[in-house]
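Listed below are the structures to be examined.
What follows is chain A paired twice: with chain B in the first complex and chain C in the second.
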Partner chain A sequence: MEGWDPSTKSTLTQIPLLSTKAGPRDGAPWTQRLKEEYKSLIAYTQMNKSNDNDWFRISAANPEGTRWTGKCWYVHNLLKYEFDLQFDIPVTYPATAPELELPELDGKTQKMYRGGKICLTVHFKPLWAKNCPRFGIAHALCLGLAPWLAAEIPILVDSGMIKHKDDAASSTES
Partner chain B sequence: MEVELKEMMNDLDSLMQSLTDPSHRAPIDKLKLRVERLANFGNFGPSRRTKVKDMSAEVVDSNPYSRLMALQRMGIVQNYERIREFSVAIVGIGGVGSVAAEMLTRCGIGRLLLYDYDKVELANMNRLFFRPEQVGMTKTDAAVQTLSDINPDVVLESFTLNITTVQGFETFMSSLKNKSFHPNKQGSGVDLVLSCVDNYEARMAVNQACNELNQTWMESGVSEDAVSGHIQLLIPGETACFACAPPLVVASGVDERTLKREGVCAASLPTTMGVVAGLLVQNTLKYLLEFGQVSPYLGYNSLKDYFPTMEMKPNPQCSNSACQQRQKEYLLVKPARDAATKAKMEAEASSSMEGPLHLDNEWNISVVDDTEPDRIDVKSSDALPEGLTHELPSADEFQTVCTPEAPVSAIDDIEELRRQLDALNST
Partner chain C sequence: MDDELLELQRQFEFAQQVKSSIRLSERNVVELVQKLQELRIIDFELLHTVSGKEYITPEQLRNEILGEINKVGRVSLIDLADNIGVDLYHVEKQAQQIVSDDPAFMSIQGEIISQSYWDSVAEEINERLQECSQIALAELAAQLHVGSELVASMLEPRLGTLVKGRLEGGQLYTPAYVARISAMVRGASRGITVPTNLSVLWSSLQQLLQEMEGATGVAVDGSLFQYVFNGLVKEGKILGSLRAGVHWTPSVFAIAQKESVDSFFSQNSFIGYEVLLNLGIPQPIQFLKSRYPEGTALVTMFVHSSLIEMLDAAAEDALERGGWIDTVSVLPASFGPQDASKLLSLCPSVQLALKSNNAFIFGESYLFSSRFIKDVYDRLEKETETFSGSGLSSIMLSDETRCGHDSSRLAESNEVASEIGSNKQAVDKGSKKKRGKSSWSMVASASESGLDNQEHFPTKSKKNQRKGKDNSSLQVSDSRGAVKKESVKAKEDNLNIPSEEWLMQKLRMLVPDFEEQGIEDSETIVRPLANYLRPMLINSWKERRKALFTENAERMKRLMDNLRKKLDESFLNMQLYEKALDLFEDDQSTSLILHRHLLRTTASTIVDMLFHDLDMHNKLKNGLEVEESKNSDLISLSPGEGTAIAKSFPGSLSNRALAVVEALEGKRVETFMSALRAFAEESGLLLRKLDKKLEKTLLHSYRKDLTSQVSAETDSVSLLPKVVSLLYVQLNHKALQAPGRAISVAVGRLKDKLEDSAYKILTDYQSATVTLLALMSAATGNEEDCTSDRILSKRELLENQMAALKGLVLGAPQS
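Let's look at the complex of A and B:
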């Protein structure tokens, strides 16, 4: 964890860890895992809200809890940039992390794989591997998506690749 | 195009008939001749050869298999035609998988199963196989188009899906189990699975499927910096599975920082991918047709032209339960296997015992048996041969005392938890 900023570190220590090592094909243990996922997501969301650092919404898109959809946003120069967020729980979960997708940014940055999957190889995958099965969705968002947004969004905005929705609207009106 | 030309011919005919002045006929005849020539010209386009019933060894220009059947005459392969009985599944039809598929198709493999969910893009044109006019097609469709033209004898089955999703994985598993090609085949419906994917998640999914099905497979990979690669043979229970240890990568031998450019997620070269596809299919042919030595692991470092090899024992504490199950089964049949190896050694010894090669052995030179290569315990990375490193760290020892101190939420009903998160989401 060296190289991470102190606030991420302290946030991370407060996200409840998970203990059940089960994937979506495992039946009852998966339900147990899903409960743990919910608990840690609830705790993380509550923590963000109380720290005035609310930055995502995520919920299961199917009863099995294998597909998740929602939104995430990032504030740059006092403007809020919001994106759709989606991912599948892979069959080999939790041995492999979910591949977080921001479909709207597909093709706009090189730090992304096909379909808008954000590149997590260097900053996140080793951490996930080291902490299997204790890390869950909340950890993936905190250590995978949050630093990616912090690194990429300012570049994308400054280079004009993405526009704030107000600007985009006014430019189409005129 | 053919239809268009025919219509033009008809139009010219009717024009001819409607003409009263015979002096105009000559130029129309000339036009008709040119249309006919164009129609014939079109016939020289792609024409598919018909399927052949048996592989012939006859050396004639028109025999697509003469050079392959010559392997038999040269004593390399005992029975080449057996290749038509084999089914190979290729997962990932990218820079390595598509080339491997073409190689196996040209070798006359019986059946190929192709899996990919991506589309062909112009950005793929730095690699082999796909052509610019195929941009926009799914990789599976484009591959079937090209491969069936090259060799109509190969049975091609394609699956446009992502094997890491729950649904894709189920389809993947059932397609491997399908025995319609060879109903009497032992085990699964395929002889070998080739993993040609570009990510860890998909490799773990192939590993999971093959461990569950007790299916031998080969893994291949090219580094993100495009200058090194590897192939690996995985026999469930017998060799290390992909989850037994963090994946190995061939160290590039130069400072990593000089290679990893900021802001680029992956580079690729047709050369490295072609080399790795070649190594993979060569190992496949050796495995299926039983000739030469099948490599358990072969690395390729292109910057130093270094090819490390090694063998890896399975990890008894592997986190994959299907792998552990296969390991147990493998240990159970150990006595029978040892007896078979001994019998084979004795048979070989008796056949070579036809008298000493040299009557005098002044220097007491003897040949030392080194058939049992050192197998590496995958858990300790210190034992790795030079030039190989682990790509990811192993999971830390599981801390048994893992209950979070703060009472997070005593609720243990999934619906209630879902509602709680939804409530948080809506504020």
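Let's look at the complex of A and C:
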């Protein structure tokens, strides 16, 4: 579990683990898996809220629950930077981790694949594989997106690649 | 769609909608507080706890401190800081404020203690005190972990209220206990009748207490006793006086003391300080002076004026009578000589007499009238005159070594004088400038300036030569005089004549009263008297001696001149005779006889004369009266006398003299001669050596003398040696002194030199003389004896031959 900061790790251990191993094409087991996903997401969300560390909103974009959209944000220098978040559940799920996308930032940073998919650390994949099928979406967010945001947003803001929306508005107005 | 899934979806939705609780980090809060303080919203001092997690206001802190204090009544600041969790600095600060605000609290050694605490402690103490009847403050202080002073200051306001007892010298006592102690003290101090050091009394009381209470009894401090005692004295329950805080003199004792002093003094009209000291009066003089202003303080006692009057009367009486008194004998027995002398000096009559030199005080307590002393002095002077004759010789002996030195010094000074003489040319220069200087410096300057002067003043020296001569000779005599004077002075310094012991002995003899005093007393009185008289006696003695010296000096000079002359003469003769002995060197026995003869006759005369004169000279030099011996030429000393005189000579001279005497007894003339020479040198006489010219003249005179003697000689027997001597002079040019026994040998020696006829005459005469002498010695003195006839006939025969013999000698020069 090296490669993450201690708070991330402690948070990760508190997210309830999943048990059902089913992909989107597995029918009823997937439904079961989806329920577990929700439970773990609820627990993670509550945990974040209670720690005053709420940083995303997601919801299933289709009834099967294979596509998810929402928002994620990061506070830097007392300014909240908010981005659209979207990802699909791959058919090989849960053996393969979902690819998280931040389309707004596509082309703005090197730590990103085409289409806004974020690059994860080298440690992520082995850990995920090791913990299949116990890790779910919540774990992917916690281990993947949260550290990425913490690492990349300050650099992007400082380099001027992204601007706070108030600033952007005022600049356009003028 | 599954309901459950929907439900979960909704739940998730809901969970995401829930407002997240807002959490502030500590950092934010601290910043917030800082901000508040900056904005003056919090305008009071805010403290924080040691952990740094809490803020606390001073009021809260104070409240908490008060709470802690009120729990026990006594709290250490350090404990407070721990308990409240606030830094000690703030705790102290607030505690100070609390203490200053509220008089019920006090801060002592890092502790805050309330009055209520002390009240409870005092109650405890009281309980214990009632149990034990006494507690030491130190003990309490140790128990409470505070200073004993603090305990005392705390207890003092509570004594009599909370604590029923009294504090004394670091001890707490119950009133009952104090009452008991005061009873003890009262009893003890009433029992004392002599002056006592109170601390001794207290220690004995302490011991008593300890015995009564056993091992549990705590030692009572002396100060309690003292306190109780002082109280009793103030109340007048015990009588007496306290000095220096510890010396207690009961009034009973003081009264007894005064009474005894009074009675003694009024009875005896004096009192010794020792008596007062025995009575316990530490400063007797002040005491007596204040008590009896009319009295007088002496060294060891105090006397009433009546005693002085008494002594005054006695002294006056003694002075009028022209006698003396021993004041000690007049005064009571306890008077020492010091007191007596002090008292004596206080007597008005004695003062008067001393002022007018009518009285003298010796040995502290003896008073002599001047008349008495004059009388004694006169008598002593007479004694001394006789003493100089008799007793002096012994003193002379002791003084002789010194005389020897003097004589040698005289010789030295002679040398110096001669030196000066040789340098007179130089001296006259020096003397002109340095006339005032002493002789030795003159000599020095002379020797050093001698050459210079000759070079620098060749003309002047001639001119001043005469003058210089006078000068130098004058100075020489001066220097000699100075040396002499010096030696005399030194001698007189050394001369303790008459000696102190002798004087004391004489005094005792003269004044038999002294003897009555006993030996010790007489020593004390006679010695000072003798000391007083001695300088006067010595003065008179010295004057007489000085007179004698001047007289003797003349005589000494004469004597020495005489001696020198005589000695010269006889010594030359002696040398002359000695030469004749050479003729007989080969004949052992005859030479021996001749040597002896010479020693017995000429030599012994020389020695006797020398010894006698030197002895006389010595005596004169020491200032003795010596009657001029008329027949100084005819002195003959027995060997014993000779040795005695020789021994009486000082120092090395004596040794030399003894050697001479010994040589005189010997057999060789040469040894004698050398001894005599040494002796003469030592005694400062110069012996002249025989030289050719002198020998010739001497021989000539001797021959003339002999010739006249021979021609005048009528005695046939004594003619022979003279003729023989004359013959020796004529033929051998030697003066022979031959005894009768050696005549025959002497005659025999002449055989070669004389004509046969002349020799015949000589031998005949000689043999005839021998027979005559033999007959004479054989003669019994009997008139009828035929020997007398034969003697007569022989004598006639000799007388007949005398002419021929005379012709032999007297005619020879003519022929």
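The rule is short, and it goes like this: the second predicted complex is superposed on the first by the 171 of 174 C-alpha atoms of A that agree within 3 Å, B and C clash if a C-alpha of one lies under 4 Å from a C-alpha of the other, contacts with A are read in each partner's own complex, and residues count from 1 in each chain.
Quick note on the criterion: contacts are C-beta pairs under 8 Å (C-beta built on N, C-alpha and C of every residue); 3 or more make two chains touch, one makes a residue touch a chain.
It should be emphasised that the depicted structure is a prediction, and the values quoted were computed from it without experimental measurement.
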| item | value |
| --- | --- |
| Comparing the two partners chain B and chain C, which touches a greater set of residues in chain A | B |
| Which superposed partner A:K111 touches (first chain B, second chain C, both, neither) | first |
| Partner chain in contact with A:V75 - chain B first, chain C second, else both or neither | neither |
| First, second, both or neither for A:K49, with chain B first and chain C second | both |
| First, second, both or neither for A:R57, with chain B first and chain C second | both |
| First (chain B), second (chain C), both or neither touched by A:K35 | both |
| Touched partner set for A:A150, first chain B, second chain C, both or neither | neither |
| Touching partner for A:A129 - first (chain B), second (chain C), both, neither | first |
| Set of chain A residues, in rising order, touched by both chain B and chain C | 31, 34-35, 38-39, 41-42, 45-46, 49, 57-60 |
| Complex contacts: residues of chain B adjacent to chain A | 118, 162-166, 169, 199-201, 204-205, 207-208, 224, 243, 246, 260, 263-265, 319-320, 392-396, 398-399, 402-404, 406, 408-409, 412, 414, 417-418, 420-422, 424-425, 427 |
| Contacting residues of chain A [partner chain B, same complex] | 16-17, 19, 21, 24-25, 31, 34-35, 38-43, 45-46, 49, 57-60, 64, 66, 70, 88-92, 95-97, 99, 110-114, 119, 121-122, 125-126, 129-134 |
| Residues on chain A engaged by chain C in the complex (per definition of touch) | 31, 34-35, 38-39, 41-42, 45-46, 48-54, 57-60, 63, 65 |
| Complex interface listing, chain C residues touching chain A | 1-2, 4-5, 8-9, 11-13, 15-16, 18-23 |
